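Each chain carries a letter (A, B, C, D, E and F) given by its place in the written order, and its residues are counted from 1.
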Amino acid sequence: MDNKIIHWFKFGSPQTFYPLAGKMVPWFWALAAIFLVVGLWLGFFVAPTDAVQGEAYRIIFIHVPASWMSMFLYVVMACWAGIGLALNTRLSSMMASAIAPTGAMFAFLSLWTGALWGKPMWGTWWVWDARLTSELILLFLYLGFMALQAAIDEPRRADKAGAILALVGVVNVPVIYFSVKWWNTLHQGASISMSKGSTMAVTMLWGMLVMALCFWMYSIAVALMRVRAIMLERERHTDWVKYAVE
Amino acid sequence: MQWNSIGEFFAMGGYALYVWGSFGITALALLIEPLLLRKRQSDVLDSLRRELNADKQQRKPE
Amino acid sequence: MFTANNLACVRGDRHLFAGLGFMLEPSGRLHVTGENGSGKTSLLRILCGLSLPETGEICWQGESIARIGDEYHKNVLYLGHHNALKEELTALENLRITAALADIAMEDKQGAELLGRVGLAGREKLQVRFLSQGQKRRVALSRLLWSSAPLWVLDEPFVALDTVAVTWLAGIIGKHLSAGGMAVLTSHQEVAIDGGIAQTLRIAS
Amino acid sequence: MFTANNLACVRGDRHLFAGLGFMLEPSGRLHVTGENGSGKTSLLRILCGLSLPETGEICWQGESIARIGDEYHKNVLYLGHHNALKEELTALENLRITAALADIAMEDKQGAELLGRVGLAGREKLQVRFLSQGQKRRVALSRLLWSSAPLWVLDEPFVALDTVAVTWLAGIIGKHLSAGGMAVLTSHQEVAIDGGIAQTLRIAS
Amino acid sequence: MNGVAPVYAPSPRGALGALGVLATVIRRDLLLALRRKSEVLTSLFFFVIVVSLFPLGIGPEMALLRTIAPGVLWVAALLAAMLSLNRLFASDYADGTLEQMVLSPAPLGLLVIGKIMAHWLVSGLPLVLIAPVLGLQYDLAPRPLAVLILSLLIGTPLLSLIGAIGASLTLGVRGGGVLLSLLTLPLYIPALIFGAGAVEADISGLGAAGHLSLLAGLLALAGFFAPWATTAGLRIALE
Amino acid sequence: MNGVAPVYAPSPRGALGALGVLATVIRRDLLLALRRKSEVLTSLFFFVIVVSLFPLGIGPEMALLRTIAPGVLWVAALLAAMLSLNRLFASDYADGTLEQMVLSPAPLGLLVIGKIMAHWLVSGLPLVLIAPVLGLQYDLAPRPLAVLILSLLIGTPLLSLIGAIGASLTLGVRGGGVLLSLLTLPLYIPALIFGAGAVEADISGLGAAGHLSLLAGLLALAGFFAPWATTAGLRIALE
């Protein structure tokens, strides 16, 4: 067999990945903290007040990154789950399970901040618009994935069943997303006055991007922490766990 | 810099409830999640150590 | 030839068996014994390809069953703890459906004759839920009569049968073995089967 | 004292038995034998009051069970072909619910001890569907340990049990009989039970 | 070795072929549904109830009813389909038939397709057939009514197909009922949006063709992938 | 003979005090519901699903949604209550508990009241509690929302009470599910009309007091007669 593949599988095995992940976590925390400080500074002190929305628009600095993360993380989760199903690698399935709660949290945050933004801007907490509805469905997909895995006691079966659901759900995401076209929508698309090239739009964009990076680093750190715990729980009877504990 | 005082900063131009409600809950969520995970990790480790010790003590007398 | 090598099975956090292997030639039968919960049913389901072993390989005619898949299933007849009968359908309907799933067309007359052979004459048109426990088992066992699968995997086939039926079933299995078939069985009862070369595999727990 | 007189049973257009009767005193046990489908299960269900005989009367302590009705049920423990367990619940939960229905509060610890006695130590928290066939039967049989009903009606209690468990169960039944209980059983297997006065009732078909 | 001579040989193997096996599975499930009678009626009756209750809760204003008719009928169909799902594989799983299906020489995917088709015939088709009557109650004009029926005709098989995935994944799982709805619901929503949307588009003069062809596209997609996913789900459930 | 000493005796058989019966029955049913978790969630989740699906089927127009909100919420509550009914007595009937209850020294009517109260706590109250959130999604103003909650608070126990009669009458009957809906549905309709009507009356400025007091009157009536009818139904079912 190809040497590279063997090498890859070595890192793909829990016992080598566990300490590696442990070493990586602090670095990602540090990065997340740096981006957080920069992002908040950009968001609150550099970005000017919006002419139309006043200060309320500052919610954008968490609303948009959280929305992005919730969608990215679903795809990443489905990829890991699919790899786990196809190649029967335990670690990838564990990664999928580790990502799901964080993704669900971001989906919730997107809904929450969106609702808090909607009240002053649209005068209502909620409308049944395509964007909002699709985000709600995304939250349901996450919850379904987590509930299915929690309901199955055998980890092997839970991994496989979850993977099938995640993959089927991935087909659903773009389908829901394109329904924007058939629905008159209240939620703005890429409607920030960024196209006008004003300095305000640029600082806003930077603030959003930096906050998105912060959320990325946070997600990676948290996923690694969770996957470490999952590894210990699932492989509690193996020798490497006993060594790792001692 | 568009804030003239701390009070103005916290008032957020009258949108304090919405802006701080968003940032507050987000901060809370991002704080609680790692804390819960730390607890989960240490719980697992604790129970594993206990199991291991029990195993050792069982083996010793023989 | 049917071989298994180094099989291991894990359920939950429990290691049922490991390093288990055997080789079965035509006319050979394997008795799997062990206490309740030792893993006999789990082994039989693995041998049929219904579940996957933790480690190890099972080969049919030298080819791994994981690779040949459905082709292998044509050679196996599995009878589990459950009778796999629909209670709301009659014995005859159940029989015809089972046959059809094995791609065999069965006339009503042929079905009735088969049911007569397992002692259910006159009850062909009765819904299975009215049958007694032993009669249900007999309907399930009638598959043994028309199946041409060389490998029979039978999980406690004698349960619920009366003494006459037990002897009859032992005879059927013996005939199958004499014709060059193979069988893997479990049973907590002692039953004498004539014919074939016997091996015993004990799963210790 | 438990007596039955002139019982007859009809199922569909089939007369299973007629003119059947017996008398059982404390410490007495009745073995009901017969071929598959002869009507053993039907008889046992009639004896429990679960279904009505075509003719005849069953008396408990001299009183017709049709008249005393539910008062009689307190004295009977019935174990049928089915285990009456909920597959999605754990063994312990099943046990506690069964006990609660008999108005007995059972602590988790007591339940665990009981399950230990039927050889399920360490599997108390496992859903019943993960248990092996014999283990499921053992969970069902654990009722025999705490029931104070004097009359046990057991339909093929030995099925699916391994030899150790069969001996154990025979011992439990023997103990119950020695304590002045009664038992009505069916079984296609020969099992030696010590204690009590044995009678045999054969249903011919 | 090519098979041992059976003790009794009714007819050689291979008499039926793939189509024959499919027909057998469908016929079997229909027969079972007929024997259990109440199961056929439950879906249909539930559908009729839900649809008929709305005018009582909302008031008899005809214009309003006409506007909400497609939504109400579609939601009712969706709920009826969802409620009948847990019976799709449960009894076969409990009595061991499913194991035999996995082991049967016929490909499992084919058997699954047969079961899904039978499910649609029992709990989808009756809804489509009764829908015209209910549509009339809501004073729908003939054209939107026709579009509605057509959308249901394309949509209900889609519901059965998607639901089968959820049903296979929750087989034998504790608390399966709620879980099943939680899993299938997000997947059902596109069907609902395009199905009800078709009628609305027709009423507002935009033409229903776009929505209907999207729905048909979804059906084709699901017809292709759902049996595969369901088969995988069943194998996992039996492991 | 007074029983044979059991091989292993966990605790003596204890007779239930007649006064503690109500609490015991309620506690028992709540415990069972918690054990089966999914059962608590089924009603609630179903309610949320039904309510959330409508905007997807009908379209996002806020004015329209506001108009149909009371109807939708009430129909959803009614369906959720109806679906949870068949579990009210079925499992107790199947496993013989019901027989034991009839035999218990406490009056059966009291036990029945306990079971109905537990049913409401498990499948009625959660709906009332979640309703405000769903009302906000339909953009209901605070006042109509308050009326809606109040009408549900009075109405859901009414649904449980009426449903119990139907559940007892269809116990152990073949195809009971359909029959149950067929029986309870006509009896539910007054509750639906007055409940949803209260909100509409409030919105149109007529005042909800009339409808609400009618609803309360129905509740009092049902609270008086339903346990009696249910008890009679149970006795018939057990005969």
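Couple of notes before you dig in:
Here is the rule we use: a contact is a pair of C-beta atoms (placed from the backbone, for glycine too) under 8 Å apart; a residue touches a chain by one contact, two chains touch by 3 or more.
Predicted model only: the values in this text are computed from it and were never measured.
Within the contact network of the assembly, the step distance from chain C to chain D comes to 1.
Any chain that touches chain A and also touches chain B would be listed here, but there is none. Each of D-E and C-E has its own count of C-beta contacts, and the greater count is at C-E. The angle needed to superpose chain E on chain F by their Cα atoms is 175 degrees, rounded to the nearest 5. Distance from per-chain Cα centroids to the pooled protein Cα centroid is smallest for E. Chain A and chain F have Cα centroids lying 40 Å from one another.
Remark: chain D and chain F have CA centroids separated by 38 Å (rounded to whole angstrom).
Centre-to-centre separation between chain B and chain E, using Cα means, comes to 44 Å.
With centres set at the average Cα position, the gap from chain C to chain F is 48 Å. Across the assembly, chain C contributes residues 11-12, 81 that each touch 2 or more other chains. Taken residue by residue, chain A touches two or more other chains at 133, 153, 183, 236, whereas all remaining positions touch fewer.
Residues of chain B in contact with two or more other chains: none. Residue ranges on chain C touching chain A, taken from their complex, read 11-13.
Partner chain E is touched in their complex by these residues of chain A: 133, 137-138, 140-141, 143-144, 147-148, 151-152, 156-157, 160-161, 164-165, 167-169, 171-172, 175-176, 179, 182-183.
Interface residues of chain A facing chain C in the complex, by the touch rule stated above, are 153-154, 236-237. On chain A, the positions that touch chain B within their shared complex are 44-45, 48-49, 54-56, 58-59, 62-63, 66, 101-102, 105, 108-109, 112-113, 116-117, 119-120, 218, 221-222, 225-226, 228-229, 232-233, 236, 241-242, 245-246.
If you check the complex, the residues on chain D that touch chain C are 11-12, 34-38, 40-41, 81, 119, 123, 126, 130-135, 137-138, 156, 159-166, 188-189.
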